[in-house]
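For reference, the structure discussed in these notes is given below.
Should a chain be cited, it is by its letter among A, B, C and D, assigned in written order, with residues numbered from 1 in that chain.
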Amino acid sequence: MINFLHGMQTYELFRFVGIRIYFGVIKKEAAQVVSVTPLSAPRHFVLTMKSAHLASHSRPGHFIAVAADTGSAILRKPFSVYTVNPDAGEISILFSVYGPTTTAMSRMLPGDSIDVLGPLGGRIFDPEPIKGIHHILVGGGYGVPPLNYLAKTIRASAPDAMVTVIIGARTANLLVGDDDLLDAGVEVIYCTDDGSAGVHGRVTDALLPLLKSDSRVYTCGPTPMMKAVGELSEAHGVDCQVSLETFMPCGVGICVGCVVKMRDGVFSRTCTDGPVYPGCEVAW
Amino acid sequence: MINFLHGMQTYELFRFVGIRIYFGVIKKEAAQVVSVTPLSAPRHFVLTMKSAHLASHSRPGHFIAVAADTGSAILRKPFSVYTVNPDAGEISILFSVYGPTTTAMSRMLPGDSIDVLGPLGGRIFDPEPIKGIHHILVGGGYGVPPLNYLAKTIRASAPDAMVTVIIGARTANLLVGDDDLLDAGVEVIYCTDDGSAGVHGRVTDALLPLLKSDSRVYTCGPTPMMKAVGELSEAHGVDCQVSLETFMPCGVGICVGCVVKMRDGVFSRTCTDGPVYPGCEVAW
Amino acid sequence: MSTVNMTVQIGSLKMRNPVTTGSGTFGFGSETKDLVPLDRLGAVTVKATTRERRLGNPPQRIVETASGILNAIGLQNGGIDDYLANKAPYLRGFDCPIIVNVPGENPNDFAYVVERLTAAGAADAVELNLSCPNVSHGLDYATDPQLAASVVAAVRKVTSMPVIAKLSPNVTDIRVIAKACEDAGADALSMINTVVGTAIDPRKRKFRLANITGGLSGPAVKPIALLAVWRCYNTVKIPIIGMGGIACPLDAIEFMLAGATAVACGTGNFVDPTLSLEVIDGIEKYCVENGFADVNALIGAVTAA
Amino acid sequence: MSTVNMTVQIGSLKMRNPVTTGSGTFGFGSETKDLVPLDRLGAVTVKATTRERRLGNPPQRIVETASGILNAIGLQNGGIDDYLANKAPYLRGFDCPIIVNVPGENPNDFAYVVERLTAAGAADAVELNLSCPNVSHGLDYATDPQLAASVVAAVRKVTSMPVIAKLSPNVTDIRVIAKACEDAGADALSMINTVVGTAIDPRKRKFRLANITGGLSGPAVKPIALLAVWRCYNTVKIPIIGMGGIACPLDAIEFMLAGATAVACGTGNFVDPTLSLEVIDGIEKYCVENGFADVNALIGAVTAA
């Protein structure tokens, strides 16, 4: 594995079990808010902004960092790219209201400007599907938005590819909207801890029967979920790409504060050396 | 002069050349915003809130402290009581947008709640007019709101009293609205530095010809203005009450950070030992 | 409301709950009487009282900084005579222990004021302000273990009241001072006093404070204060009163977890004079929700991440 | 754009403007190449480079606090070999002086790294990180004047590059350390490094940082940093690089008025990686608007309130 510890010096494109190294040109922008739409899940919103730059450079797995809080918490907060509309020059992020940044975002109005930095991320999902592979995307929480983008990207580039998205949540009303996935012909399996929708159980319960030698798993969500999915895939000899959403103070590789430990003992910066890793590399 | 340095222990009522010692019962409230109305002067607003408590306890010279900024500037900000409507249980403050608190206030909507502490102030204007006295109120900047309240209070309690309000500003469009004063039969004299409205010159130019032995002067505004008004009055042997609007970190007498030096060498807390002082006591 | 034991003990001083006020941030208790019934507090810590009356520093005395304030009050107070005549009688009207903060320019000054307080029964504990950074030479006692110990020892001789040594964060290793104070007979420590700093007005190219330097307090210093408490908790056996940036109940709980037996609300009172009441209620609620029958179980209960 | 002289001098190092980056807050210059053309900076100060490769501390390494952050990175870096092989060539592609930050566990370590840098011509100045509070024993050199001087002297012998001693605020009197470094041959001082602190998660009752303690930086510490600069400015004759909480051009101007010849943007880069460019432009604009033909006229120009 190449060591990207101190940042790349040229843009590279490199594939490794479905992971792509692709640094978009990073720009800081005052993008214009197009809309902030509440979802059926409580306190969840989709924010769409105008940015020709982000719309043309963002790939599945990339994220952007928003500075919307003028208060005493000083850092930007990262959000995965959820949908991209290159023609309109727009991108969207899906978020739930948690602290000051997301509160401020939920209150933005069309025409407001939003301070964004992106696209961020060095190793991202590889959207080019390999023939005959069953793509299984397993997400929960704020891992769902990037997988949504990935599923649609795979579908768009290979209409015949088998794509299944497994989405887990505590309870039915926390499952975030992905009707557009169904529209795109993606199979969607819901799992809820309380059985209020879909499979009664964890995402791994839904994943297990699907794991075959032709599967490839992509996962993003809470760490315990990714660990379980990664380990299950590994036990079945299936490639698994995990997108690690750690706390990211800078998002661009300069603070070295976002690290996770790799099996080789090295601490890797999830923002630029990731966020996507082969599950088998991570020391959970 | 009584030393109030460490706070009063009982409520007192005491008069000294038109200054009244009157502590209202202080309450912390989440008052409801009734309206935020822009004035013709740029970035000036009147904010009206529901507060039966403030409406019944606020006297001219009292102020309230607003906590509206959730950012990194941690202190409340003081605002003079501008108008009071005891029947409706409402009070208003008039403010210009300067920093985070006033920015947040200017964006409040009817129904929002505003965190206020008040009424604050220990020595305030004495609104009971002495017969035959010519009350001359001299204000500028955010000294105008409390004088407005004072003028109307004098008028209300003694419809025959002679009341003149002199208002200064740099230029015409910074003169804040007081049509209600004219309606109340108060004489209003405007002064502008650039002559764009009223007297071309300073408030002292308008004050000088009015100073007689039967005058009493009340002033509130920028320190250099109050100093000039105080010294001019003193030179003519006229009582002058000055309301000192220093930076007030706590507003309730516990920080001792708002002090001004008195002629006897003592540092006096403007929030509770003032804000109103006999001009002749202040070591300008 | 609940069955949580909220009582804590600072030496022989029993507090009905772990919350007091930071000296200099709550006046002499009367200013906010409309808002804070003193008998709800664990103790009231009043403004510094010196041997002689002090006029204090000229204004500007306080300025805002990012998530904090700088102050240079200069210990304005009426002196011990004024305290005994005009402040103590009011304070004694409440069922609330009084902690008097005592600065001084030499051990005799400290001892003199404490002796007067003891004789008059006008305090229940004294807090030695070894560390006020705003008066010339005021810093010395808090920065040198021997000097700090000399003050504690001098005061120890003249009173049987609990003696609390208030420590400064402006030192290389606060543990050394803490240990020296404990060895000299202090019953408790309080920390932190303010952090030295300054602010400049770039437009006027002048210092913002008349005194040039001031003491930083408020949420900005909380990380510094928490570490001071944790380090001293692991160094001394006497109880600690923790303070520095408390703005909500969870902040106070952080201090107790770090090793504080009691906490003080300081600058937070300027933003909300009722903060201590909110903190008392919040600590109790936290104990109920987290299954602690005794607030003392929180003391030093933090573990590694 | 204007006729303001923006050039400043740190020992023999000429900077085209007074703005550099805080070590550890700007990587090795390549990470933000899309955003910051290095040749616009006065100098680039890169992440700490140690004798051996260091893995650093386990996460959580950074947490947010009020107007600041706490960090405990633990000096993760590839070591001097990696720097010379993989970082220096990239940095040398720009017309921008390189300041390499060097920590060490003993004077020999410091001297070894500086010698290698000198031999390879891979730096234009070295900044001795006497004060990184996150590594065991890392603090010692910055808290003791003799120890600090011993490091400066050891490095002084092996290089003719400007030697900058980076000071810690976690000391009783920073002036004593400043003077010792000056006397030992330092060409300049930089300050402040981070302020020691900690943070606790009250819900989990655990420290937030894996390392327990961390270094506080960001706007919260600006008052502390400004006073350190002002005090040292009045103590030593060598130039000072000021840093601590710079978030906008006026912050940088406060530092210059307090006595800094140059300034560094640190934590502010995390919020906005282009901050240094904004600060450069802002300083120049300030000079124009306030009639300063030479930025050097700002240095130490603050007066009493």
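In this section, a residue touches a chain if its C-beta (ideal position, glycine included) is under 8 Å from a C-beta of that chain, and two chains touch if they have at least 3 such contacts.
Worth saying up front: this structure is predicted, and the values here are computed from it rather than measured.
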Centroid comparison with chain C (C-alpha atoms), farthest chain: A
Where chain C and chain D are represented by their mean Cα positions, the distance between them in whole Å: 34
Chain B-chain D separation of Cα centroids, rounded to whole Å: 48
Mean-CA-position distance for chain B and chain A (Å): 56
Chain D residues counted as touching two or more neighbouring chains: 60, 66-68, 218-219
Of all residues in chain B, the ones touching two or more other chains: 72
Chain contact topology (line, ring, star, complete or other): complete
Sites on chain B touched by chain D in the complex: 72
For the chain C and chain D complex, residues of the former touching the latter: 60, 65-68, 70, 143, 170-173, 195-200, 202-203, 205-210, 212-214, 216, 218-224, 226-227, 230, 245, 250, 253-254, 257-258, 286, 301-305
Chain D - residues contacting chain A, complex: 24-28, 30-32, 34-35, 47, 55-56, 58-64, 66-69, 71, 73, 76, 78, 82, 86-87, 90, 218-219, 247, 267, 269-274
Chain A contact footprint on chain B (complex, rising order): 70-72, 100
Of chain B, residues touching chain C in the complex: 5-9, 25-28, 67, 72-76, 117, 246-247, 249-250, 252-261, 265-267, 272
